[in-house]
Structure formats: C-alpha cells, structure tokens
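Each of the next two complexes has subunit A plus one other chain: subunit B in the first, subunit C in the second.
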Partner chain A sequence: MPEQLVIDGLRVGNGGPGRPVLDGVSLSVAPGEFVALVGGSGSGKTMTAMSVLGLLPARLALESGSIRLGSTELTTAPETDLDKIRGGRIGMLFQQPKRMFNPNRRIGRHLLEPLRIHAGLRGARAREKALGLLAEVGFDDPRAGARSYPHQLSGGMAQRAMTALALAGRPDFLLADEPTSALDKVLERQILQLLDRERAGRGLGILYITHNLASVAAFADRVLVMESGRVVESGPTREVLGRPQAAYTRSLLDASNLQPVDVPAPPRDESDMLALKAVGKSFSADRRSKAALAGVSLELKKGEILGVLGQSGSGKSTLARLIVGLEKADRGTISLHGDLPKGPQGAATAVQLVFQEPHGSFDPRITLRSSLEAPLLRSGLTAEERGRRVKAVLAEVGLEAVLLDRRPAQCSGGQLQRATIARALLLEPQVLICDEATSALDALTQRTILDLLRRLHRDRGLSLLMITHDMDVVRHMCQRVAVLYQGALVELAETAAFFAGPKHEHSRALVEASIPCRGLHLKQITGVQEASNPEEPVPARH
Partner chain B sequence: MIKFMTRRTATLVAAVLLSSFAVFLIPYVTPGDPVRKIIRSRVAGDVVDDSTVESLGVSLGLHDPLFVQYLRWLGSFLSGDMGLSYVSRTPVAEQVMPALAVTVSLVAAALGTAVLVSLPLGTAAALRQGRRTDRLITAVTQSFIAMPEYWLAPMLVLLFALKLAVLPSAGWNDAASVVLPAATLALRPISYFTAAVRSGMLDALSSDHVFAARARGLGKTRTVLSHVIPNGLVPLSTLFAVWFAGLLGGSVIVEVIFAVPGMGRLLYDAVVNSDIPLAQGGVVVVVALAVGITTLADFVHRVLSPQAGAGLA
Partner chain C sequence: MRALRKRITIDRAALAVLTLAVLAVAAAPLVMPYAPDAQNLAVRLAPPGPEHWLGTDHLGRDTLSRVLDGGRFSMSMAAAATVFTAVLGTVIGVASARRRGWLDEFLTRTNDVLLALPEMVVALFIVAAMGTGFWPLLAALTVTGWTPFARLARTLAYDVSARGFVEAARVLGCPPSFIVFRHLLPHLAAPLLGQATLRFGQLLISVGALSYLGLGVQPPQSDWGSMLAAAQPYAERAPMGIIAPGLAIFIVALCVTLIGQRAAKKAAVTAAREEAHA
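For the complex of A and B:
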C-alpha cells in the first residue's frame, strides 16, 4: 500500500556557521499526488531530494528535521534499511538520463539489478519482467531496447529507460529531478504523461523538481516554490500560479510568460547578411548514413532575428556548425555579406557562436580572464588594451570585473552564458548564432539572457540566428521562423503567421506540443490572453 | 564492431609488413656487400671465392628486383625459415622461438604480478582518497618509478640470493629462478598500474551513474564491486598491452643481469655480434607479437567499453 512522504523542518548545512543550504523545508506528498517543487538553480530543490535518499554530498550534513515515508523515519534509518528504500520504495529520475547509466552495460542488465535487489526476481523471470517494464514505458521493441547500450538511445528513450529502472523496484514514491529539462517540448510532454499515467494507475506519489512552470501548470496538483533554501510559497497549482504571493514566484512567472507582443521590429534594411544555398551535409558512411542536412536554402537578413526550430536530431546544430565553419558542407554554398572586418580572419570572426552548455564552453582550468583574452591574442593589441576591451565587453553583458579572476566552476550558469556572449562580442561579430543558448538555464536566467540578446540586437545591430526547440523563445524574440525536420527546411514564415497557422505537419506538431505545456494552459491560469491561439484551451486534468 | 575489427586487423598486417620490409633492408643498408651477407645467412659453409659468390647470388635470386627479393624473403620467413645465425651457424628460428617463449613467460609473470599487486593497491588508494592509506600507497608505488632495473636487480640479488639465500641469483631453470627477474621487471609497471587503477576508480567513483546506482539501492560494496571496479579497470587493459609489447624487447637489462636466455638478451647479442639474420628474425617476431597484442587489447577495450569511439560524430 503506497504511503505518504512527509518532510518536516528539514535543515541541511555544512556544519559550520554560514547560511544553511536547506532552512526549515517542510512538504508532503500523498499517494497518487503530483507535487511540483519549483525554484531557480541553487534554491535547494535537488538537495531536498538528496536528503530524502540520504545521499547528501559529503560536505553537507542534515542538521535537524525529519523525513518520514509512512511510519519509517528516514533520517535515522540505518544504511542497510536505506538501501532497501532507495530504489525499492523511492524511485529517482535525473536530469541527464544518459549519464546516469553505466556506459559499459546494456539497458537490460541495468534493469536486472533493482529487480533482483528489490523484487527478488532472478533469471528468466527477471528478464521477462525487464522486457515488460520497457514495453510499459513505451519501447516499441523491448528486446532491442534491452540490448542497447545507453549511448545508443536518444535522450527521450534514455529517460524512458530510466523511468523503467525507477519503476522496477515497484516504488510508492518517485523523485523526479528535472527529468525533462534536457528534452525538447514534444518529448517533455511524453515523459510527463508517462509519469502521470503511473501516478494514476498505481497511486505513485511524485515529487517533480523543475524550473519549468508551464509543465507544472499542466501536470501538478500542488506547487511548492523554493528560494535560497526555504519554501517561500505553496498551495494548489491554480492558486499559486494564478495568485502568486511571494515576490520570487511572481518574477518566476513573469520570466516564464514570454509574450509575443514585444518582438523587435523587423529590419528596415532588406539586404541579406548571410545566405545559404542548397547546403547539404552527411556524416561518414559507417554511422547512420542519413543526411544531417539535405539541401537547406535560407537567408538571414541584416539586423534580423531568425528562429530555427526543430527537434533533437533535426540538423539544427549541424547548421550552426556549418555556418561558423566548424564543419565543411558537402554541397551548396554559404556566403556572408555586409561590412566584414578586414584581414584574413575577417570573415571567420564575423559570425560567432554561443553554445547551449555554458560550463562546457570554457576551459575549466583557466580563469575567465584568460578565456576571454584568448580570442584577442592574435589581434595585435597590447596586454593593456586587451584588458580594457575585455572589461568593456563584460560591462556590456552586465557582468562585474571581479568575475574575471574566477574559474568556470565558481560561476553560475547564467554568468557563464553572459561570459560566452561577451567572448563572442570581443571579435565584433555581425552575426551571432545562439545554439540553444538558453535551454540549460532556469526561467529567470533565461529571461535575463534573452533580454541581453535583444539589447545587443538593438544597440549593435546584430543579426541573430536563434536555434532552439523552445516555441516561447521564438515567439518572444524572432521575426521569422524556419523549421527543420530530418535535415530539411520544411517551413519558413513570419512568426505571427507561423503560430496562427503552421503549414507543415511537423510544424503543427511542434506548435501543438507547446500549447498545453508552456503556452495556453499556463497563460490561461495566469490570465494572460493570447490572440494568436484561437484554439480551445485543453481541459485541466481534474 | 566487425568493421572496426577488420580495419584494425588490416592496420596490424600493414604495420607488420612495413616493419618487416625495413628489417629486410638491413643487409642492404649496413656497410659491406649485401650479396655476401645474405649468402652467409643462407649457406652453412664458408664462401670466399668470387665465382661461387656469383653463382650463389644468381641461384638465390639476389640480383632480382628488391621487391621480388622481399617477397621471397617474406615467404621463407613465414614458412619458418629465418636463415642461419652468423655466430652459431644454426637456423635462427631454432634460437628465436625458445627465447621468445622464455621472454613471454617472464613478462607474463612480471605483468601478472603487477596487476595482482596494483589492483588492490589502486582500489584501496581510490577508496581512501586523500587519507593516509592513499598517501602511503601512492608514495611507495611512485618511488618504484625512480628505481632503475640495473640498480634494483643487484639489490634483490644481494638480499634474496646472497644474504638470505632463498632464491637463485641467476639462470632460468625452475620456478624459483623466475622470481627475482620477474619481480625486478614488475616494479615499474606496478607504479604505473596502481596510478592508473587509482585514477580510473576515482573517475568511476565520481561519475553520475555510480551515484544513480546508489540511489537505486545498490549498497556501497555492491556498487563498488559491480560498477566502480569494472569501469575503473578499462584503462588498465590498454596499459597492460602497451607494457607487454614494450617489455618483449625491453627486458634486456634484466635478462642480461639474471642470465635469462630470453628475447632481450638474444637481440642484444645479435646486435653486439653484428649477427644480422638473428637480429632480423628476433625483431620481426617481437614486432609482430607486440602489434598483435596491442590490437587484441583494442578489441578487448572495445568489448569492455562499447561506447568508445561511438560518440565522435
């Protein structure tokens, strides 16, 4: 019989003075309840989950409070009991499912572990059960799924496999720590629907940790909002999102409600900045020899913000890599116009790229100063001039100069993403390509980065290519939208026209997937009217 | 996987052929008349007069194009005929094969010991990272790097053969005579293997999937046994092969000091005596075996770590 999870007055710190990481967190999740825990990065969401499992990092300790699952007190339970509870009564999902599998083991063998430990199944019966679980979470061919290694699965399938793994011990309760942040909207919805089905079917209690309010609106019964280690607001979803009390909740909501009204005006100058003609690229034949890009023709106008939409694997990132010259196109031409900087490096530096993972874009061993000065080393500037340029551009992206002496690990994701943009600006680019530049950031940080990009677009007259799977970013930023599907350009339209009536089948799927999650449903709750979506609101689950 | 294996095997064959061609050229590029040198490695009796040299040169095909000669040389080599040693005047194959067997068992004993020692040491150091156990293990094993074989070997002989008189000081007769040379050879690999095991284990310990395994209720011990150790060992398979290949021809100091009739000693003697056929036979066999072992290690690595090379797109 499923039991209730109750956390009461949880306080977690490093044992010293200083501010605790968790400061009196209390929450409960009843069987069959879908509870969302919302907050920005560093607010203590994940540490709450770690406390439940008794797996806090070594530098942190539980100082006071209690965590009960049914009648079991988890904070004082011996390690052997906890090992039965972890994976047995409490399942866990993670943000990066692929990294959570042993890379050297097949999915099927992963599943046998919890089946043996928690369900006492061995041999043929365990294998049969493993296949059953894979089928349950949506593997069309469970046998092939069980035979795959983690790196052979797509992000979406990996999260499904992780769900099967979490369900293998028949838990009463599921901790889902940002299980969909790394997935696109279509996949996000599928995974959350899967979790919700398990919730309804077997009375699974779910604690859903996220910074994505739209998915909360679509699925959660109750919401708790955390800020710097405290629960600042809690209540039924409709109430919290509809009438937010805490200032933090309001700013989070604001940041999540990217509105289409203030899209920057289209450029007056209609000349092309960047022109792609029938560009094609396939990767070497010994992998899947499908073309990554098949004859894409596209123009980016001077001062334009063009959105490039598509699911994972649609060729978006290949497009970016081709434009900046990280890969060579097999066919077609990519030409750059406008006032290019002089010198042999001119054309190469006129287009700069901002990547998705800010932490992955910096050398972890050197300071930001060294990283930022690196592009200027060949410019012939003196050390002093370089320092001045770096400081100026840092101020332009809203960062303080003290950050220059830090290493990437000492900066937040938002700070680093600003630094990435600063580094791109140092070379005075004409075109900035943002490859999912805000997808890894929480809603608040995402909003500030988008605002920064809009300001740079306005002040510097940059042309922006926004590669994303996030419909709201497109709606909020872009004048035109291009949709890539399986390497081909299937639609190119003005943003408003695109959302009003997407032409291609895939575009329709993308637009529809975004409505109940991030679009209409949340906006309906928060009272934002959206003219471009005449469709009926999707009814709430209850 | 099949494709990978085919490609690697092709590389192996190419590498061996290329090096064998270089070895084949030795009589041509070293000082002296290549025809006489080759005749000396083919004919048991002494040939001095020019007319016999001329007629033998013709009958052995020594005036044919170089490449034809190479193919003929390779063919006889593959059929086990490696020519006659200048010094012993007996077939090279009869000397190379026993020496190879000796060295392979010596190296296997040394590296086997090194693995057996460094596995528990490296694992223990990783599990106790930064604590006294770790510091002690790391300090001691790292100091082995600084002990050259020509110093260590006499020290071991002094202690175990002369002072304690429990082990023979030289020779290759029984199991006891393997101990000192194998121990000498094992010491440096122990320090490299221990460091590799330690860092492999540390990587595995801090990886997300090990945390996830703990979160699924695999106890500490079970996680270490089934997720940390197997993954931490993957780098060792490559390192093992590199050392094995290196020691095949590189155990010369130890073999000379302990009078072990192995490959290193054979090659050393061949070079010192300018015994070209013996050197040729020894080098080709060692190269073939070394390349074969590293290729095999590549296959093993691919089996142990199937994602290697897959994510490079």
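For the complex of A and C:
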C-alpha cells in the first residue's frame, strides 16, 4: 500500500539551448515522511513542485525524466487524470495564501469545492466536513471562519484556511512551497506543527520547500539542497546540516547563522535622532485593515540600530509609514533631530524607507536608471552630475553600473533590494527604516544585505530602525529591541537583556518560537554554541 | 489556402477596412465621381446603377459622393471628440486621485450628476445655447463625454498610487510630474486606449444623431447623420439613401472598436509580461 512520490532525473528547460532550469533532479517522498527542499531563490525549488503538478509556466517544458506517484506516471498522464490527482492525492500549499483565494468567495465555499470533487460530499455533509476541517487546522470558531472572506483573515489564519483547503481532498502527499515565509515565527511554528501532526497522524508525505534552515532542522527527516537546478546534496537532516559536504550547503549554513555581533553602543549622551511621542493612528472603517497604533512613544538615538519586533498586524508597518509621512498620525508627534526636513513634501528627505518587497518598489515599466535618478530631479543637479551620483551610490552598495539599463524584471531580488538601498542613500539620509527589508530574500541574499546595512551604519553613521519578525536578524543587528503588540509598545530593552529574559508575555512567545519542536535546533546541529540564549530544547516528538 | 485563412484575422480585416475608409474619405475631393452638392433634378431618387453607384437623393445628388464627403465631418468630429474627452477625462481622473479630499469629492459628484442626465439632452442644450457648427458640437460632446474616462482614470490612478513604487517615489521626494508622467500615465494608457475606441464608435453615432436632429452640420455641408435625416422621408422609394450612410457609421464604428479592443488586449499582455518576474 505505501506508494511513494518519486521524481527521477527531471530535466526542465525552455526547449532551446542554454542551461536547463532543472537538471537531473531526483527525489522521493514516502508516506509519513517530512522531506525538505532548500536552496536560494532561483535554484529551481518551486519549479520542481510545479512539475509534479503539471503546472509549469508556458515558456518551460519537461525535457526528460519521470515523476511517479505509486505506479502512475504523471509526466504522461492526461490532463483529466491530473485534475483528479491535484488536490485529491497531492495537495499544495502556496507562499501567499491570500492571493490564492478568490476574494469574492467566503472560505466555506472554497472548501466545498474539493470536498465535492475529491471526496464526493455534497450539501449538509460537505458543510459539516468543511467546519470539521477548519476546526482541525485551528479555527476557534469554525462557523465564523467559514463565513469570512479571505481579506478578513490575518496572514496566519489565511494560511491555516489554505491548509484546510489542501487537506480537504485527503491527499497522500502535500507540496508546501514556502508556506510560512511571509509569516512570523510564532505562526510559522503553528503551521508546521499542524502539518507535522497530519504527517504523524495519518502518514501524510510532505515535501517542504523553503529557504529557512532553522525550520528544516526543526521538522524535516531528510533534506535536499538545490543550487541552480541541481540537487547538490541530500541525506538525513542531521547529517546534511551537521556535516555539510557541498560548498553551497556550507555557505547557506554560514549565511543562516546570524550571531550577535558587537555593535558599539551609541554614546549615552547622544541625542535622539528621531522621537515619537504618544503616536496614535486608527484607520476608519473603510480602510483595508483596522490595525492601529495606540500611543507609541519611542526614541531612536543617533547612530543606533533599533529593532522593532511584532507579529503580522501588530502595527509595525504603520509605524514606518507614519515616520516617513506616507500616513498622517491621528495623535502624537514625530520629530526629527534639529527639525530636519521629512516626509514626501520635504525637498531633502532625512528619513528613508527600504520596503519589504524589492520587486514592488520599482516601476516594472522603467529602467533602474530612471527610477534611481528621479529623486535627484529636484536637486538642481545637471544630468551628468545626477548620473555620477547614481553610479557612486550604486558602487557603494556593490552593484555594477550595467544594471542601470535593466528593468526590474531582469534583476534578482537581492540586486533590487540593494538598488532600493542605493536609491535611499542618494538623498544622504540620517535615518534608514528597513521594513522587513530581508524577509522576502533567501538566506544568502539576506546575509549580504544585512552586511551592507552594517557597513553603511558604520561608515555613514546611519541610524537604523529595523522592523522585522525575524528574531535572528534582531539579535544579529540591533542594540535595542522594541516589541509591538496589537498597536502598543509592550517592551523596550537592550538586545542581550531582551533575549535573556523577555518581560512581556508576547515577547516570551516570540522568543520561544525559535525553540525547536520535533527535531533539533539548527544551532545544535551545526555545533554553534549560544552564550546568550541558554534555553533547553523541548523534547523531540510530541 | 489554410495558411492564408489563418493570417486573415478579424482585427486585420478591420484594420484594412478602416484604412480604406479613412483613405477614401480623406481623398474624397479626388475620388468623388460628382460634386457632393451638384443637383440634377432629372435623376431624383435614382436607384443604384452604372451612373450613380449608390443612387441619388431627393435633389438628384450622388449618394456615393455625399457619403464620402460627409464622412470627413463625421469621422473628424468623432475623432476630435474622442481625443478631447479622453484627455479631459484623464486629467480630471488623475487630478482626483492625486489631490483627493474635497476636489476628488467635487469632481466625482459632478461626474455622477452628468451621468444621471441624458447625454443627448445636455448636448442639445449646449448646442442650442452656442449655436451650430464644428466647435459648438465638439464642446457639447466633450462636456458630456469625459465622464467614463475620468471614472476609469481615477480608479486606475488610485490603484497604481497604492503600489510600492509610487509610495517609494513619494518617500524619495520625486517630483509630482515624474510620478504622474512616468509612473501613473504609462500604467493607465492601455485601459484608456480600450475605452477610447469604444467611445469613438459611440461618438460617431452621437455626431450622427445630433446632425440628424439638425443640430450638427448645416446645409449645404452634410454628414452621415444629416444624410440619414434628409433621406428618411423617401425611405420607401430610395432605401439606399438611408442604407449607405447608416452602413458607413456602422462599419467604421465596428472597425475602430475591433482594432481598439485588440490593441488594448495586446498592451495588457505586454504589460503583464514586463511585470512578470521569477
């Protein structure tokens, strides 16, 4: 009865000459097995999953290799058979759950479809089953959950609902493509535990695609490492992460190992660069979210790196948007040292923002040159001087000038995020706000961006406000940590003191979420000792 | 044969027909068999024949010549009105989305009010007040016709303004002109173009309708609408007098709509491809 999902020598390319996107990928997932597929962006992880479902983009084609589910060959199976397999025997979880729902349909109606097609349930029985599924994935009130529209759910709840949808057809295998990379650590852990429960409970085979090695260490039985379309290393999690053979695996591990680094503390008498006093903001009923800030007071000292932690919806991004002037505060004041100009109306903007989604912060229609020169158009510089300034900051962030003639779609996420930082530097800012600036990037790229930010902090004396949900980034970069919870500032402490003993209940939950569950802590496997965080791992397997 | 059939797509055919129509109308003085206002009472209401391909009207004027000549007014008026309404509507829509607040409220309510009033009645009122002729007619069509463009441009501009790159440009202090001309308008162009071609067809009919009611061109000049009006009493004896200008309006409007839809679709695909990454 145990039927494996086997991929054998898979080759996918655009049909023409040139390097194939996937080059001889082989892997297998047995029932009840948790297999992780890791690698940087563009390494072919997602394409592997898409090949299994026969959902490759039109420009790509399967050139050779086989994909078998038990005895069924999927590569040659007719579309009607694939329709039964997709969602029926193989479920799929996507990275951005909200985008995968039809915004005009309630969650309950989404669930009825796979129940009808794959389980043959209709009417009252299907509705009952849908509620059962929602309860199973952790909806406290399944009825309310089924009645809500996708936009009414938080990111974490939406991914749970997507999990319910993926499990509705009672699949034997689940392909999970970065299901938690847009979620914070607490939610990530909840989702992965939920999947792991299905695995242990009824033998669901899981292929978990991610660039987050910590979660791999915590949950996966086996791991495969991909680099530019090839599997470069595979084996039991403990071995691959503990004694990596391939150079690429080692560099991934190095990049993931964000250790606290000695950042010289800013002098005590240093003045506040940025001061927020009792800042409040609430969105009126017709705005898309009701997330608000309730009386946040906070100072950023000159030359400081301050981390702002919080779950999705805690008001972190609202804070950033208020500081740069994209939104207006309802209450309170935001002042800059020496009344420096700020906000979109200021000619020279002393506070700059680096956005989360590098591809979104550049206009897809215009070249990087136009995008980068635009902020200088009001500076009175000649075209030649503008070009020189742009090239200078580009060199400062380590980018080649040839990129200037490209459009955003022709650049990688890491290149674009550097370009975003370069663009912010053009205006000689005093304060740089990074709103989840690295969470959409893979570990290697994240590391280079973080290193760049540290260098700029050192060389230019920039004050940084790092808004993130990633505890490791905070520990790696920041001198102080502020925690936002439901729009309020619940804790503000020195980084070391914060991780040693978080005071607020929510801070504790955040810190604890980086503790392993089933398997091991990444740092245990890789043998890195942690002086500042002596927590005991929770016993393996629940 | 099959290859040939594959290459004749509906929009290529539409383009060919429209080009022919525009050329014929533009070159009307050269190709017209008769002067459009040359009367020959001996051949009043003649059926189509070798002398007069499309017959003659009640004053014995050659229908083919009049269709070609009348097209100059109908088509240029519809084209001018399309351009004027599209530009005015886009300016108003983008201004609404950029300024927001009371201006947005005011412009949107004005739009609603105009939408609630029958277009033709407002146009009649303006023409009655300003007199007839090219410019009053254009003014009437523009005043009533900008609303769909403004509505579309406003919605799209709101949408694009919420995207990361516009917010980034605002934070970076990019000049508003850069945001409008380099960020907003290129993203608005394709849908507005589609709207414009749909409106061209409607405006061509409106021009005809106003002329039909005697508020467009004045005799002796003629256009397709006034030809329809003049030929109506004789519809039973000389149906070609109605069919020819009516068909001209129908064919030109259809061709422009087909071409525009196709162009807008292509532009949307190109945009999607540019934005696709990974």
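Keep this in mind: the second predicted complex is superposed on the first by the 506 of 542 C-alpha atoms of A that agree within 3 Å, B and C clash if a C-alpha of one lies under 4 Å from a C-alpha of the other, contacts with A are read in each partner's own complex, and residues count from 1 in each chain.
Everything that follows uses one rule, which is that a contact is a pair of C-beta atoms (placed from the backbone, for glycine too) under 8 Å apart; a residue touches a chain by one contact, two chains touch by 3 or more.
These numbers come from a predicted model, not from an experiment.
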**Study point:** Clash or fit, subunit B versus subunit C on superposed subunit A
**Key:** clash
Check your understanding: A:Ser51 contacts which: subunit B (first), subunit C (second), both, neither?
Key -> neither
**Study point:** Which superposed partner A:Arg378 touches (first subunit B, second subunit C, both, neither)
**Key:** second
Check your understanding: Between subunit B (first) and subunit C (second), which does A:Thr180 come into contact with in this model arrangement: first, second, both, or neither?
Key -> neither
Check your understanding: Just subunit B (first), just subunit C (second), both, or neither: which does A:Phe94 touch?
Key -> first
Check your understanding: In the superposed arrangement, which partner chain does A:Asp83 touch: subunit B (first), subunit C (second), both, or neither?
Key -> first
Exercise for review: Using the superposition on chain A described above, determine whether A:Ser463 touches subunit B (first), subunit C (second), both, or neither.
Suggested key: neither
Practice item. Quick one: classify A:Tyr149 as touching subunit B (first), subunit C (second), both or neither. Key: first
Exercise for review: Determine, for the stretches 146-154, 164-172 or 218-226 of subunit B, which one clashes with subunit C when the structures are superposed.
Suggested key: 146-154
Check your understanding: Which parts of subunit A are touched by subunit B and by subunit C alike?
Key -> none
**Study point:** Interface residues, subunit A side, partner subunit C - complex
**Key:** 41-42, 46, 324-326, 344-349, 352-353, 355, 357, 359-366, 370-371, 374-375, 377-378, 407-409, 420, 423-424, 426-427
**Study point:** subunit A residues within the subunit B interface of the complex
**Key:** 53, 55, 79-80, 82-88, 91-92, 94, 96, 99-104, 113-114, 117-118, 149-152, 165-166, 169, 283, 286-287
Practice item. Under the touch definition given earlier, write down the residues of subunit B that touch subunit A in their complex. Key: 3, 207-209, 211-220, 226-227, 230-231, 234, 304-307, 310-311, 313
Point to revise | Complex interface listing, subunit C residues touching subunit A | key: 163-165, 167-175, 178, 182-183, 186-187, 271, 274-278
